[in-house]
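Multiple structures follow.
Note that chain A is present in both complexes that follow, paired respectively with chain B and with chain C.
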Partner chain A sequence: MRLRMLALLTISLLLLSISMVAAQEPVTLRLSVWGSLSDQEAYQARIDLAEQQFPNITVELLYTPDDYDQRIQTMMAGGDAPDIVQLAEAIHGYSSRGQLLALDEMIASAGLDMAARFGTNHLQYQYEGSQYALPDRGGAMIVYYNTDMFDAAGLEYPNASWTWENFLAAAQALTVREGDAVTQYGFAAGGWWPWWMSFIYQNSGAVLDESGAPAFNSAEAAEALQFYNDLVYTYEVAPSPEDYANLGTNSPDPLFAQGKVAMIMTGFWNIASLRDVPDLNWDIAPVWGNTARGTVAFGSGLAITSSSAHPEEAFQIISFLTDEAAQTVIVERGQDAPANVAVLNSNLFLSGETFANRDIYMEAFGESADAIIALPLIPQWNEMQSVMSATLDEYFLNAIDTQTAVEQLQADLEDLLQ
Partner chain B sequence: MWFLLIPLLAFSGNGQAQNVITISVDTADSRQTLDGFGASGAWWAQAVGRWSDDNRQRVVDLLFNPTTGIGLTIFRYNIGGGEQNLVDPWRMTETFETGPRQYDWSRDANAMWVLRAARDAGATDVVVFANSPPGRLTISGRAAGNPGGSSNLTPENFDDFAQYLVDITRHLIEDEHIPVRWISPINEPQWDWQPSKGQEGAHYTTDEIKGVLLALQSAIDESDLDVRISTIEAGEWSSASMYARVLFEEPQLAQALDHFAVHSYWSSAAEKQTFVRFMERHYPDVPLWMSEWTEMREGRDYGMDSALVMANVIHDDLTIGEVTSWQYWIAVSKYNFRDGLIYTREYGERIEPTKRLWVMGNYSRFVRPGAVRLAAASDHDAVRATAFQIPGTEAITLVVINNSRDPQTIALDGITAAGQMTSMYSTSEANDLAQVYSGAVRQTYTLEASSVTTIVFESESGA
Partner chain C sequence: MAASQAGLKQTRLITRTGGWLNASRREALWFYLIISPWLVGLLLLLAGPMLYSIYLSFTDWNLFNAPEWVGFDNYIRLFTRDRTFGYALGNTFYYTFLYVPLNIVLSLGIAYLLNKRLPGIRLFRTVIYLPYVVPVVATTMVFRWVFAPDNGLLNSFLALLGIDGPAWLLTPEWVKIALVIMSLWGVGSSVVFLLAGMQGIPAELYEAAAIDGASERQHFFGITLPMLSPVIFFNMIMSIIASLQTFTQVYILNAEPNTPGNAIVMIIPYLFDNAFRFNKMGYASAIAWVLFVIIFAFTLLVIRSSSAWVFYENEMKR
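Right after this comes the complex of A and B.
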């Protein structure tokens, strides 16, 4: 009997030691991200922390700066998918094809309280009742404004109570002309979807209605697009695509940094871009509304591909990367607003001390929370963007009128979604 | 040799039977007619052109010889603006101009050697392009841009710049017998070119663009040269529609311009689709060229990774963009970057062909000027095919990208292949545009893992 007990004990110890060896077996994961070189550095710093926590796991960072979705889809089709992928609005193009792992069981096994860690941010990464990514980065689109220009014009600063009337009056007062030439624009935006889409929602319109049907043929959407284009071609307070090219750029951000624009709308990341610009005085505010409020929540999540050979280790990594220590690195580096609620509410983030070298109105992010649009994150998100861009490209060049634009948009989206 | 391949035809490397992927070709659905494939001489021809005869000839042959190299037919010759105050000596240029309408044709001798050798090796069509007017004509006095990044050519100098381009073109055609077909006077006008960027460049507003192009067309009309304008060398697809509208709403330019040239840097497939839809709706008869691209990524890569990235860009540009020409940026690179078809070093005469070279050859050696693209489709996302036919012949050429890390077996649907011969040329980690099969038409063909394969079907008489 004692011999048998000893034998069992020996076998148990042997199995335990084997399992411990197995647990320590080196695993290499590949994690794919997009963004700028500074984004790449921030991800690497967080990965370095994760590798310290899990010495048996090596994470290779795959940096894909352009045409991200196409490259990832090509890798997946070729059987060469990364284990972990950064995804945003296009996520359900992946989850609906079975290319991502449903995380529900691993979330439950790990005892991860999604609401406690992420608030409601994780809901956008759910498809047909399953969770396909852990939120990683977040933060609303906000207004950046040049305080010197506002002071010179004697205007109050933008705030959450502003409507289009306040916004337009300010943009007109802030636009400076020398003859026919504009030397200072009141506002600058363009064809990027968060800009024009937020105006539609601010006017109580929508891209898709509650049933998921295209809704461009509404008076609210048409009126919003007309107002948006009028800023360029009627009120002439914002640059046209041609003006951008003539100014040597393709986006508002450098024009704002050069002191040529009073107001722009963009994400958290612009704080890091502006903080060291000499002689530029600026602050941030929530985006205005009209009949409703509306802004976009930028963000991305980390998902595990269904072909990953190491899903459990991959989950350990994404769970760690979205936990407080690794999310704090995002704030320390001024990369973005973190998705982790505890870090979002931390003094480090709210003080802005690590990413803004001035006292800025960080409450703008909190005040935007109830204005965030429920984006139509359908599986055809990328195709929908392509279809909408084709018409809006024409519209924002003033090559077609509003009625033609909304009719084309409605018809093209109906064709896509039928 | 081909019998060695038989075991690969039905089985993958691990012995597992493969699903056969069907490539469908619709010979009744013809698309664009190709002007050819090319690359630029910028930033290397001045250096490589002074190498020893054997080595500089070898570089030229690798690029332009259709038998020993990849058979590019378009060479982009950079008309230098004479900028000599740059950190990187490879980016400095000599200008032929010594004064208004005065030229020293002995200048730029090294790049001229490359140009002549490229012509002799197989470059049948030459684009001459200027990144900037010569310093004499610019506001800053330099060809590296204006310090503020703003415009660098005043309207008073438009005619002189146009005449300068025509004078140089005339010299190249009449004295050097170079087959110049196109003059490209402006490059990526939307960017804020300035000396700190370290290369020649000039920003133009849309009014200035129209002014320069009208002046150039006038100068061409007054000459008896048979050349067309190639423009606008837009820096990306996403903002190209604005330039198309500016150019083609101007009746004189709409008539004068041969095509619209765009660069594929930073451009997604969706952005290409958007621009093509815009062109179809507004200017459906304007051909598109993709006239500059290299992967914008730090670090050298000699292998199939970057070669497949390039192959997929070519594929998208041919199929989504329906471009009639695809031209690479610097053909030879000394940089620590994913550029160049051939790597070298700043010093010495090292010649290091990359897989990008051979993958480009999968297209350029076999898809010759005048080829017509046929509609083609694959039923597998990892395998992408383009098909081409030479009008008046039964010969069909397929270029098939296998993005998969496994070998793949394909079958062809829609190609009437009775009495035809097949040749396969593969670029992979193991092969450099090597012929891997030649013989009778088969039911299936196996693509190597991570490869680009050209399959040529022709009758035994070669037609």
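Right after this comes the complex of A and C.
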């Protein structure tokens, strides 16, 4: 009897030691991201931190600047998927095809409090009740405005209480004409979805309603699109596609940097672009609203592919990367707004000292938090974008009227979603 | 060892000419042996996937889950409900019908001029061919400036003539014309074939015609054109197929935020979007087969018509 006990003990000890060795066995994970070279450096710095924390895990960074989705899909189809992938709006194409691991069990067993760490940011990465990614980066689209132009026109600066009325009045006052030619635009936007979509939500409209059905045929959506197009063709305070082509660009950001535009809407990244522009005085503010508030959060999450051979280790890594220490690196390097709420509210982020060489209103990001719209992140996101831009391209060229545009959008989306 | 054995076998085969492996059979064997890499490649890499894509075109397949049989649904949807495919078909035909004839006429004219014996003509020949060597991606980027609304090269030129040019790439009615102009810039590839054909026309024909007092015009229409008709025929088929498969220019222009998408979408870019952006492989396969039938029909039509207008030197006129 005693002998048997001893034998059992020995065996279980042996097994335990084997399993401990197994846990410490070196694991190599591959993490795939997109972005600029400075994004790549920021990810590498955070990975270095993670590797210090978990000495047995090596993380290999796969950096893909262009055609990211195509590369990931090709890798997945070829059975060579990375363990961890950065994903954004296209995520539910992957989760609906079962290509991502549902993280719920690992979140529960790790005792990770999602709301405490991410606020509401993680909700967009849920599909059919399961969490498919941890939010990593994120920040609302905000207004950048040229303070010199506002001062010259004697206007108050934009703030969270602004409505379309304030916005339009300011844009009109800030538009400078010489004869027929506009030399300074009050506002500049275009066909990119975050811009027009924000206006729809600011007017209490939506792209998809609560039941997931297309909602372009609402009065709110039509009114918002009309107002958005009127900024270009009626009030003439914003450049048309043709004006852009004549100005030699297709984006408002360079026009703002050149001092040709008073207000633009864009993301955190523009701080780094504007920081070193000489003689440009600017600040940031939350985006205006109308009957509601609405802005788009730009962000990305980290997901684990369902084919990963080391899901536990992969979760340790993404959990670490979204925790305070690794998220602080994002702020230190001025890469983006972090998804971690504690870091978002840290003095380091609010002071802006690591990424802006001036005192700017960093509270704009916090004040935008409750205006962030729940994006219609359906599995067919890419196709929906394509369908919508086909109609809106013509609408923003003023080639079709609002009624035709919204009817066409409604019909096309209904057809897509059925 | 193996080599000497093979050598032995070969000599034995050669000596036994009366056996099953006579000279012609041996030749056939060698033929299949030598061609087999291509044959295997054709079967595995081309015929296999082609047949599979016929099957896929009757399924709903997102690349990752198992294909789901849907019968003719993809084809029915293409022709009854898919507005974008309608635009793609229309735009592709519009482009092809405009581009192919212009390409033939223009390349013939240029080849005729380049065939003149003038000092420095080689330089002109090179210059005409150069655009074809430039990657389409680069051409497209450059032409965005050429087609800029107010101060673009083309509209600045038109302004000299007192014409107020349109916003080429931003107007649904003009964007396809702009594409045709852009493609005609690469006319050099057709010119090279025609030029080679022209230089192959025997000088005796022109001498004989000159003795008979034929004019320059008669030379061209009576000798050059008929003698070139096989080359024109070749150019025509190639440019029809290439136009029906236009991809790069459209893909790049459509990546621009303000390009009117419906006015420029064509069959292959739409196929690409469905396959690789929307993950609808089954639907994309159906588009591929529709395009195959279209290309096949056009090619057949041109080949059938060729007996009426293509003249081969050593053939009696039927």
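Operating definition for what follows: the second predicted complex is superposed on the first by the 400 of 418 C-alpha atoms of A that agree within 3 Å, B and C clash if a C-alpha of one lies under 4 Å from a C-alpha of the other, contacts with A are read in each partner's own complex, and residues count from 1 in each chain.
To be clear about the criterion, a residue touches a chain if its C-beta (ideal position, glycine included) is under 8 Å from a C-beta of that chain, and two chains touch if they have at least 3 such contacts.
Keep in mind the model is a prediction, meaning the values are calculated, not measured.
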Based on the superposed arrangement around chain A, label chain B with chain C as either clash or fit. clash
Could you look at A:D393 and tell me whether it touches chain B, chain C, both or neither (first, second, both, neither)? both
A:A77 in the overlay: touching chain B, chain C, both, or neither? Say first, second, both or neither. both
Under the stated touch criterion, which partner chain does A:G119 make contact with: chain B (first), chain C (second), both, or neither? neither
Based on the superposed arrangement, let me know which partner A:N250 touches: chain B (first), chain C (second), both, or neither? both
Which superposed partner A:D415 touches (first chain B, second chain C, both, neither): second
Which of the two partners, first being chain B and second being chain C, lies in contact with A:Q380: first, second, both, or neither? second
Could you tell me if A:Q99 is touching chain B, chain C, both of them or neither one (first, second, both, neither)? second
When the two structures are overlaid on chain A, which partner does A:G259 contact: first (chain B), second (chain C), both, or neither? neither
Which of chain B and chain C A:P241 touches, first, second, both or neither: both
Check: chain A residues flagged as touching chain B and also chain C 69-70, 73, 76-77, 241-242, 244-246, 248, 250, 382, 386, 389-390, 393-394, 397, 399
Residues of chain B that touch chain A when the two form their complex: 149-150, 189-193, 203, 205-206, 236, 238-239, 241-243, 245-246, 266-271, 273-275, 277-278, 281-282, 296-297, 309, 312, 316, 380-382, 402-406, 450
Chain C residues within the chain A interface of the complex: 62-65, 81, 83-84, 148-151, 167, 169-172, 256-263, 265, 273, 276-280
As the complex stands, chain A meets chain B at residues 65-67, 69-71, 73-80, 241-242, 244-246, 248-250, 382, 385-386, 389-390, 393-394, 397, 399
Touching chain C in the complex, chain A uses residues 69-70, 73, 76-77, 93, 97-99, 190-192, 241-242, 244-246, 248, 250-251, 380, 382-383, 386-387, 389-391, 393-394, 396-397, 399, 412, 415
